[in-house]
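The structure's right below; bear with me while I get my questions together.
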Amino acid sequence: DGVDQLPASERTIYEVVDPQVPLGASAYKDFKPKKGPPWKIGYASSYAGNTWRAAALDAVMNDLLPRSKEAGLVSEVVVTQSDLKDAVQIQQMRQMVDDGVDAIIICCSNVTALNQTIEYAYKAGVPVFSFSGYVTSPYAINGAANHAQGGGEMATWLADKIGKKGNVLLVSGIPGFASSDSFDKAAKDALAKYPDITIVGEVAGKWTDQVAQVEVQKFLATNPTEVDGILTQGAQENGVLNAMLQSGRDMVPITLGGEASAACYWRQNPEWIDAGFHIWPPRREMQQMWEIMLRTLEGQGPKVQSFLRPVLPFTIDEVRAAIPEDCDVNSTDFVEPKADGWFPSAIADQYFERPADPWKPVAQ
Amino acid sequence: MMSATAFRQVTQDRSLFVPAGLFLVLLCAVAFRGQGLFTNNGLAGAILVATPLILTTLAITPIVMAGRGAVDLSVGPLMGFVNVTLITWLVGNGITHPVAVIAWAVGLGAAFQLVQALVIIYVRVAPIIVTLSGFLVLSGVNLMVMSRPGGVAPDWMLSWGAGTSVFSPVLLLLLGAFAIWGVLRGTMFYRNLRMTGADERMAYTSGVQVDVVRIIAHMVGGVFAGLAALSYTALISSGDPTQGSTYTLQAVTALVLGGASLSGGRGGALGSTLGAINMFLISYLLSTFNFGTVSGFVTQMAFGLILVGSLLVNVFVISRRTVA
Amino acid sequence: MGSEITVRMIDVAKAFGETKALKKCDFEARAGEVHAIVGENGSGKSTMAKIMSGVLHPDTGKVTILGEKVASPVDAKRVGLTTIFQEVLVADEASVFDNLYVGRDGVFRSQSTGDRRAEAAEILARLVGKSVDLDQLAGSLPLSIKQWIVIARAILRRPQVLILDESSAALDLDSTLRLHAEIDRLRAEGATILIVTHRIAELVRIADRATILRDGITVGTLGKDEITEENLLSMMTPADRRASDATEYASRKKALSAPLILTATGLAAHGSARLFDFDLPKGSIVGVAGLDGQGQDAFIRALAGIIQPFGGDVKVRSVDTDKMFALRSLDDAATLGVSYVSGDRKREGIFPQQSIFENLAIGVYRKTLGPLGVIRKPTLKPMFKREVDRLRIKIGSPSNRITSLSGGNQQKVLIGRAFVNDPQVILLNDPARGVDLGTKRDLYRELRLFAEKGGSVIYLSSEIEEFIGFADRVDVFFGGTLFRSLTGEEIAEAPILAAMFGKSRDASVDFDLERTA
Amino acid sequence: MISTVLNTEIGATRGASPLRKHKSISIGFCLLACLLILGALLVPGFVSPQNARSILLLAAFLGLASVGQTLCALVGALDLSIPYIIGGANILLPSLMVAGLPAPVAMIVVLLLGILVGASNGALSFRLQGQALIMSLGLGFAAVGAVQIYTSLGSQFGGTVFAPVPGWLRNLSAFNGKFFGLPFPPVIVIWAVIAAALGWIMHNTWFGRSLYAVGGSRTAAARLGISEFKIWTVIHSISGAMSALTGMLLLGFSGGGFVGVGDPYLFTTVAAVVIGGTSLLGGAGGYGATVLGVLVLTVLTSLLVGLGLSFPAQQAVVGLLIVPMVAIYARSPHIRNQI
């Protein structure tokens, strides 16, 4: 199948993976777009309420789109938002297809609900790219960090950090969303290896700091139990941190996913922890998806259905480099890997049948 | 037999003016914004996406018509309940035969509504409270049955969600519901229902079996909720415990947009269908604008304003009638 | 006359909590007779009718209709019993046709409209006297037509037993005659017709027998020849209550020459009615009479500022400045000291979930407001006590709900609500409806006292007897306008009745005469 | 909520003795006591100052949000705009502060806007009666949409607004807030004061009495010169104001503006009103009852959490509880007794 065609170095990324993530060969190996560039792209997001989505959209509108326009690759991006309503997202995607977009990027949706619509798009010659999460449809191309591997790695880090024993609070994302569930599943599997660690509670932070803060506060207030560490998904760790700060309890290790705000607290309290994780850096992931999309549209022939990236740990030095000493604990930004640090073109080339620089397509 | 009088009644029914007017306006606007909707695929998709809402709206229609302010808040979660049990309990256990699946959906919907009707009638608690309770219970139970979206619809249903042909099985579900309604409309039940909703005491003293009428109204609503769940399952080809709840507000809104009165007596399938289609068209129309980042918010605001406007116009039209 | 017994009640009792509506009710009616049920307000007539119809179940005793037990309106329909209830039950949102045939068929059976439409159109035309569009919504029709719809609904069922609970109360003479013709027709077909009515003249003409109820007990049945006013009254009312009230009123000196406190000029009850003027001398009691729908109701509401009269002005003399001020709204009425008491206490009087105290005191809150709309509570208790004593309201604890009181006492509370503001004019819109005699007497006495102290009263009533010996003047409405003002000797049954039917001064009204004319 | 069913309620409480009148209150107290005893027995640490504090804090938010719902229920209306006004206020306040308005001014602006939305709610829906809830839903949508558009101008996100929450606001409503040195957040006191004031107003002012009058019988109230329009407008304005206030106070609790904070209050406010014993049909009940309802609901939730029930299970249990609760004190009379 698809992953077998990757070089061994890349295949390791797929070792720990959510079993639902489709790993087959891509349906777009021999794909030719309906027409040549510039293409019209649809971005059907399911939600717009948090900083992470905002950063991702910002990457499209203020970085990727202008650059693509300059390169004559993309003419416009149509953005819709469905407020977490599947039916609405389905309708918006179909509308995009009917209105003649050349590719659709979807964001972090229900893993199965859109499958029929994706097939509909495929039949109309419109490839669908699922960004930062997977869908099970064989006609979609998924691009994301390997959230299962990330969950496992972050859980292991936390377990070590608290001395392999104690009570852990798990702050999940949006239950039911692909990346959220992959993360939780692997994280729980990893923690299960430590008999002295108990998960004392599980709350949903919805990848929104305020929600995470409220939920964790409620948990801490109504559960007098000791909490020794908090395992939280990314894009909400600052809420978790604030909840801890407010509760008046002693600070415990919390997994960091790249929010500049929480990273700032770390920068000011360097003794607190020893690592953070780029688990879903919004701009880099979007860039990854965007480049995969460009390459596919250029007919480079993706080999796999799912492009997974390993979760990258980062150190306080990287944080120091990224944000200043007098950083803002309310920042809405993210600490992200360097532009080519996430999905370098040398590696990307290995994922395509006919690799080329996506930004300088050979004239067709 | 849609006789001349029935036609006259429909045209006389001022409560349809606003939804019908809004429908025409929206249709023109959509046509102006792009003809995507008026292609085979566009229509097929529209039917696919709008059917669950139309059917949930139809599901609360008889219940609201039965009066006592019986806005059925539980309808969305009920649809979700049918959806998740279908996927988890039936398909999850290898039961995928179409007859079994359809019987389950329809039967479960009707059974739940029967329970609600019995509580309303015999415990004599206000319907809105009973259905609020149903809403909370089912919203919770749905997540207990299925903690996260997933599963797959039966194979035979997968093609339903393709939405590439106007004459899809989903359309059949819709037509089936209309047929049931059409048959009922031709019987005394329909009149008894309207009279019960309009003035229950009058109906009761005139020898209408108001309790039976109420029970049937609920069960018909339950059957429609079951059909709605089938079309919804076809739409997402899977189970989703979270989406049902959002359908309650949408259905009640569509009902009111369709000119029905939440206090009973006024309303009908035609109005409800128009209301639900209007909701779809509003959302379709707004999606044709590229509002970029704020699209969701503009949609929400515009939707609210259209709702407010059409309610106000409705009041105007209807109060004109009582003056006349 | 057939002698087959169609309706039989043996030893029936029915209590609503503490209230014993029926204590011992024995009753028989035969096929082919018109049987009247008479009694004071609250004596249990409607309860009896509801029990026969299967709406209520008796606590004890046995009821058979045409040999069967009737446990619900559905049963009643099956055995062929139809009831026209006291309240006009019409669905506004449904068409006339649907209103006529509601409940005729089972839950499902398919609709067959063809014959029915013709039949309905014919009967409705016969009853109303003109044709009515069957497809229009009932809500857009006037009350009188709605009443006819209810009657037509019953007649269309060709009942074996028909019960009319005060159904003629709202009909004018012409209509009453058409109803009587219909009743005659049914009787000739062998049906049993039970009528509940307070109109003695009507009874005398149409009833074959009459059963009298007193305090929930059937005290006897009169044959056709025995039905006279004296007989009925002596059986209906306990001896101790029967003493004439007239003596009490006689002493009052007439106040019609006093200065005017309220004047109305150029009014009309509806657009096409003739304009009229009205005046109210200080300290007088003016009765307002009229058949239903003749405009007296709109008139009294217009005086109260509830509705706008067609054209015209209402002016009231202000106590402080002694000048006449226009009264156009409820607020004007409040500032000018005009209080209104409705007889429809259920709909526009009581606040059912509130206490007795609250129901009375709410009338005066506005006068006792301190800064920021704060109610000055200490003044209220004495005021409440004063009114309760004055009106002899029988209450338990003032904090009980008003609905724990009997209808008459509820009405007294509402009158207390009007008095508590020390008004200069009180408008009473049929306040004695559903009120028993003792209560009425208390009410008359208080109003007379009020008038003697300089207050003015406008008293609308549907019962002519109420005016006699009580009102200084009776203004009779007919055709939407003030038809005649009667004073002195003219305040007697015959002249008032004549005027109510739009007859000249001397013509006496007799149902039989009218019929042959 | 629906005027045509108003009369069904009339018989429900006929012949009420004082005991019966306070039936819902006594039942509420019993239930609360039972829950507390159960909690003490079953959940370690349930009866502790910390837990009491957190229950009261969470109850305070629900209680404040339920003020408007109670008043609306008293005239037979439902206000579905509450969650949207809460969410709108929650993001508008920080974004106004970011725009440079001093905090007090920003708060007043938000409060006034809440009142404006509420007032339009009341003014536009008073003729609709039964349809009023959809009107409030529509206006809620419009309002929150507008606020989100405003807040996303110049920033990327409308759903969330990030701005430093002033310390005093944080102190008002955070768990570790201090009330003059006492270890509980002042929002609890704010709630208590508002509850007491409201209870007093309802019984001792013309406004309060006319509110009950309109809810009990519209026509009878109109005869007394009480303007139904005014009452509807005022109570919806109060509802708007209290929702805006709740939204702003929640900012101190959650540490940043998020439009979704109001979502849970859509049906929980209705549930609190109903459990307290205020009829949704108007005329009977009061804020005191709602306070009880809020406490029952919050203690119950806390107990269920303590027992380890998941959120869905909690919701189901609360739902199952409503019908029996209401059945004890607010059954409608049989139709036979309504003829």
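Going in written order, the chains are labelled A, B, C and D, and every chain counts its residues from 1.
Quick note on the criterion: a residue touches a chain if its C-beta (ideal position, glycine included) is under 8 Å from a C-beta of that chain, and two chains touch if they have at least 3 such contacts.
On a predicted model such as this, the values are computed, not experimentally measured, just so you know.
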Fill in the blank from the handout: Computed over C-alpha atoms, the centroid farthest from that of chain C is that of chain A
Fill in the blank from the handout: Winner on contact count, chain pair B-D
Handout entry: Length of the line joining the C-alpha centres of chain A and chain C, rounded to whole Å
Key = 76
Exercise for the section: Express in whole angstrom the distance between the two chain centres, defined as the mean CA positions of chain B and chain C. Expected result: 45
Handout entry: Rounded Å distance, chain A centre to chain B centre (Cα mean)
Key = 36
Completion exercise
Shared-interface residues of chain C (touching two or more other chains) are 55, 85
Practice task
Mind pulling the residue numbers of chain A that touch at least two other chains?
Solution key: 48, 54, 57
Handout entry: Contacts with two or more other chains, residues of chain D listed in rising order
Key = 156-158, 339
Handout entry: All chain pairs that touch each other
Key = A-B, A-D, B-C, B-D, C-D
Completion exercise
The answer for chain C against chain B in the complex is residues 53, 55, 73-74, 76-77, 83, 85, 89-95, 98-99, 101-111, 113, 135-137, 139-140, 153
Fill in the blank from the handout: In the complex, chain A touches chain D at residues 47-51, 53-55, 57-58, 206, 208-211, 213-214, 217-218, 220-224, 239, 242, 246-248, 330-332
Problem - Residues of chain B that touch chain A when the two form their complex - result: 34, 36-37, 39, 41-42, 45-46, 48-49, 52-53, 147-152, 158, 161-164, 232, 235-238, 240-243, 246, 280, 283-284, 287-288, 290-293, 295-296, 299-300
Handout entry: Touching residues on chain B, where the partner in the complex is chain C
Key = 3, 5, 8-9, 12, 186-189, 191-192, 194-195, 197-199, 201-209, 212-213, 216, 261, 265-266, 321-322, 324
Exercise for the section: Would you tell me which residues of chain D are touching chain A in their complex? Expected result: 44-45, 48, 50-51, 53-55, 57-58, 155-160, 162-164, 170, 174-176, 253-261, 302, 305-306
